[in-house]
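Next come the structures, one after another.
Each of the two complexes below includes subunit A, the first together with subunit B, the second together with subunit C.
This part shows the complex of A and B:
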């Protein structure tokens, strides 16, 4: 075959495979506008009503608020813990550095359902021990979501630190800057894109988490993903499609923004 | 990050800069910066895992929940009960099939992306691959439900053409379709970064010596991309072994895979000892299979590269 023909074959296969990945999302966006009372094809007309209805449903509205709240605090936790740790990993010289890196990335490796189950049991034990509610509360969710976000922050921030020459920091220090000044005036501005990407990415990862959260939600405090799954177990209608569409839109925007700071495909 | 042997996918750590020879053994003050994060992971992940392992050795007494014991009966029950054998069996074959399909469908796309001359287009297409990945499993599964449902888009199209509708929802086929589309981006991104690191001149050289494109793929690209293929395959297999949303929503109430069963035992039946044992069986089986595959492929790769 001619090289051009070979290239066309690849382009055609790629188009089909990409369609397989992307088009279902298009379908869900499409049906969120259907006027049909019961979801069916073809559409009898188009409407925005489902979006209003979705917002009026407590489970989705509260779930959305809980998810945003949780994700924002999880980002703060993962940055507060992850940025210093990344600095230590990349600039520090101590034995066991690789082991600590592996440990910090391990929440990514332990299956969500296993980690979630373990955390759930530990929380219940603590509740019995200390006589406080943890499982089903915001602090409980935050521990889980901080854990979900941390490895991605560590990975993205270490990557940008590895790409930064320590010469800048050494220069600043040789001119008399202290460690803190060096960090805030030299290191931070240079790795800012990595940190912004880490924050946005951690937000998304926390927002879409399902497996860990499923153990830790309680009555009155459910994340959006759990609300979606429990609704989908019994219903499939344009209301849930409307919620899905809003989620696609929000995450899409966040990811497109974070892609400007660090190539997303590099995060994996 | 693009060297064939150093794919950064999954949990593979970034190579850290090597410590200077003299400083190697000295504890620098920066060490302290890693302490809070390390403690957090130890307390929030490692300690609960250890606790759960301990619980897997306890005894479950209905009505009393959990009784302290040191017994392997939960593990024994798993290997004695044909129901759970079947759950594990289903999980294994669904995962193996989904992973194989991901590899087959993902390789051409990854190759196309890696050899894409225009950087701008490559970036856009990669973004198109990665975006769906981060939309969340709940949303992506909902999307497949819209298509695969009895009155879904697929059957609507089938009926318009004049064929009889197909029962897809709540079948293993539908679960595999859902899983493949969820996992494909992982495979594509992993393979792409590895293929990108393979010198295109090697392919040109083989071609100029008369090799057909398929021969070039088989004899040049495939051997060099092997670490990436391994990484992508492991990643997809692990993720599919632990899949939750797809089997629950697309597989339906009578379709059982391991992760939903763990959830059911721990959170619904409140049988912690058995649920814990299930979780560790799932992790152990996954670990043994992936480690074995890793060793086999690494050995093969070393032979090739010598």
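This part shows the complex of A and C:
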């Protein structure tokens, strides 16, 4: 085939894939403005009422706050653990390095429902052993979300460390800087874009999690995603679509911002 | 300023010897070039001196002080990296100030020293720029200023010119040498380029497979290579194997007997002959070390022309003549019969 023709084929395939990803989201956004009382086609009219209603509902408002809080703390946990871990993995030479890296990334590939169930059972065992409540408590949820975010942080920070020549750190050392000074004055500023991206991405990943959280939330500690699922069990109207649209907006913005800081494609 | 002594240093990686019992005494103020092909251990040796790689065995002394176990930040050495490694988030001035801040000098003192260091490399006007806004040559100068401003005992340079284009490389070569002599700083300069080593160094240390193959003043190494490897690395293209068959006589493996400098004896030797010393004459002319041959291949190189000729006995020789641009004779064409000859004293016998 001519190069031009090949380019056209690529363009067509890309368009199909993009449509496959975007159309359902577009449908949700569209539906969120339907005036129909019960979700049905075609639209009888258009309204903003569902957005107002969603905000007035305690379960969604509280869920949103819980999700944001949880995500922020998950970011803190995943950075506090993930940045030093990435440093050790990239710069260190020790036995079992590859195994540890695989282990740290594994929550990314284990199905969320499996991970959630595993955590839940581990928490129950610990509760029996230590005689304290863990599952259904906020600390339990935070541990789980830290775990959800950690592999993404490790992945992104590792990628920016790999892309950074060790000569910068060596230069700092030859000029008299100790290890800590080297980290804070040279390594950290250079990998900052990766860390910012990791923070934003961790936030998103924690915010959208459903599968792990479903095992671990307790009364009064429901995340937004779980509030949505519970609502869908008994209702079929556009409130859910309105909430979803707001989320698409927030997450879209966060992903765009993180991509500006560090090309996400480089890390995967 | 201090002398540097390497006492039988060894670097072993999983059983493989990267550096194999290297001993070297570098005098105060001396510039030593570590020269060799990639993988010869020259960079590993430099990085061991700098403290970035721990030595497996041996000791490193600077000014009589044993630095063997010390981390790089306790060694007071200036290190120039191949890619300069200027901190990308700091301005030129901040880069140069970094080492002085680590030494906790007062602010005014730092500003004064940074100014002097940048003046020395003629870049004081660029102090506020970021490294990425500078050209390669300017980055190299900043890196040099940054390494020298801390008044190190030793300056270590790892292939400092390899990322520059030819023109700039010559300029920087002279500049590095000038600054080094002006400060009288003991310097180790790693390079794979013999020309670079010969033109900057007081002494050239040629390395091969983790060992020192030969060392000496530049003209020493260039004029009297002690091995086939050294000869080849110093640009000798003609290495003719054979054996000594009498006083000043050498029988080439092809059967010809030629005259060589007196004194050498033994078999398993090679006659090392620089291409510039091989003359090409009219086919009829006879004389000492004169072999009938045919031009096989001609390479025009601007100022010189290289001719690959094959003697009737089957030997291949490279002869290099000035091109017409340098006032040399008219070029020969492939297929032309010639006589390849050289003076007996032009050859050096090296172990094959």
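Going forward, the second predicted complex is superposed on the first by the 251 of 268 C-alpha atoms of A that agree within 3 Å, B and C clash if a C-alpha of one lies under 4 Å from a C-alpha of the other, contacts with A are read in each partner's own complex, and residues count from 1 in each chain.
Rule of thumb we're sticking to: a contact is a pair of C-beta atoms (placed from the backbone, for glycine too) under 8 Å apart; a residue touches a chain by one contact, two chains touch by 3 or more.
Worth saying up front: this structure is predicted, and the values here are computed from it rather than measured.
Contacts of A:52 after superposition: neither subunit B nor subunit C is touched. Once the two complexes are overlaid on the shared chain, A:22 sits against subunit B while remaining clear of subunit C. When the two structures are aligned on the shared chain, A:132 is found in touch with neither subunit B nor subunit C. Of the two partner chains placed around the shared chain by superposition, neither subunit B nor subunit C is touched by A:253.
In the superposed model, A:65 makes contact with neither subunit B nor subunit C. In the overlay built on the shared chain, the residue A:175 is in contact with subunit C alone; subunit B does not reach it.
Of the two partner chains, neither subunit B nor subunit C is touched by A:35.
Contact with subunit C, but none with subunit B, is seen for A:165 once the two complexes are overlaid on the shared chain. In the superposed model, A:190 makes contact with subunit C only, not with subunit B. Between subunit B and subunit C, B contacts the larger number of subunit A residues. Taken in their complex, subunit B has these residues touching subunit A: 1, 8-11, 13-17, 19-20, 23-28, 30-34, 36-38, 40-42, 44-49, 51-52, 55, 105-106, 108-109, 111-113, 115, 123, 125-132, 134-147, 149, 151-153, 156, 180-181, 184-186, 188-190, 192-193, 212-213, 238, 241-242, 244-245, 248-249, 259, 262-263, 266-267, 272, 275-276, 279-280, 282-283, 286. Residues 1, 6-7, 10-11, 13-14, 17-18, 20-22, 24-25, 27-28, 31, 39-42, 80-82, 84-85, 87-95, 97-98, 100-115, 117-122, 125, 143-144, 146-147, 150-151, 154-155, 158-159, 162, 204-205, 207-208, 210-211, 214-215, 225, 228-229, 232-233, 236, 240-241, 244, 247-248, 251-252, 255-256, 259, 263-266, 268 of subunit A are the ones that touch subunit B when the two sit in their complex.
Within the complex formed with subunit C, the residues of subunit A that make contact are 165, 167-168, 170-178, 181, 185-186, 189-190.
For subunit C in complex with subunit A, the touching residues are 50-52, 71-73, 75-79, 81-83, 85-89, 98-99, 102-103, 146-147, 150.
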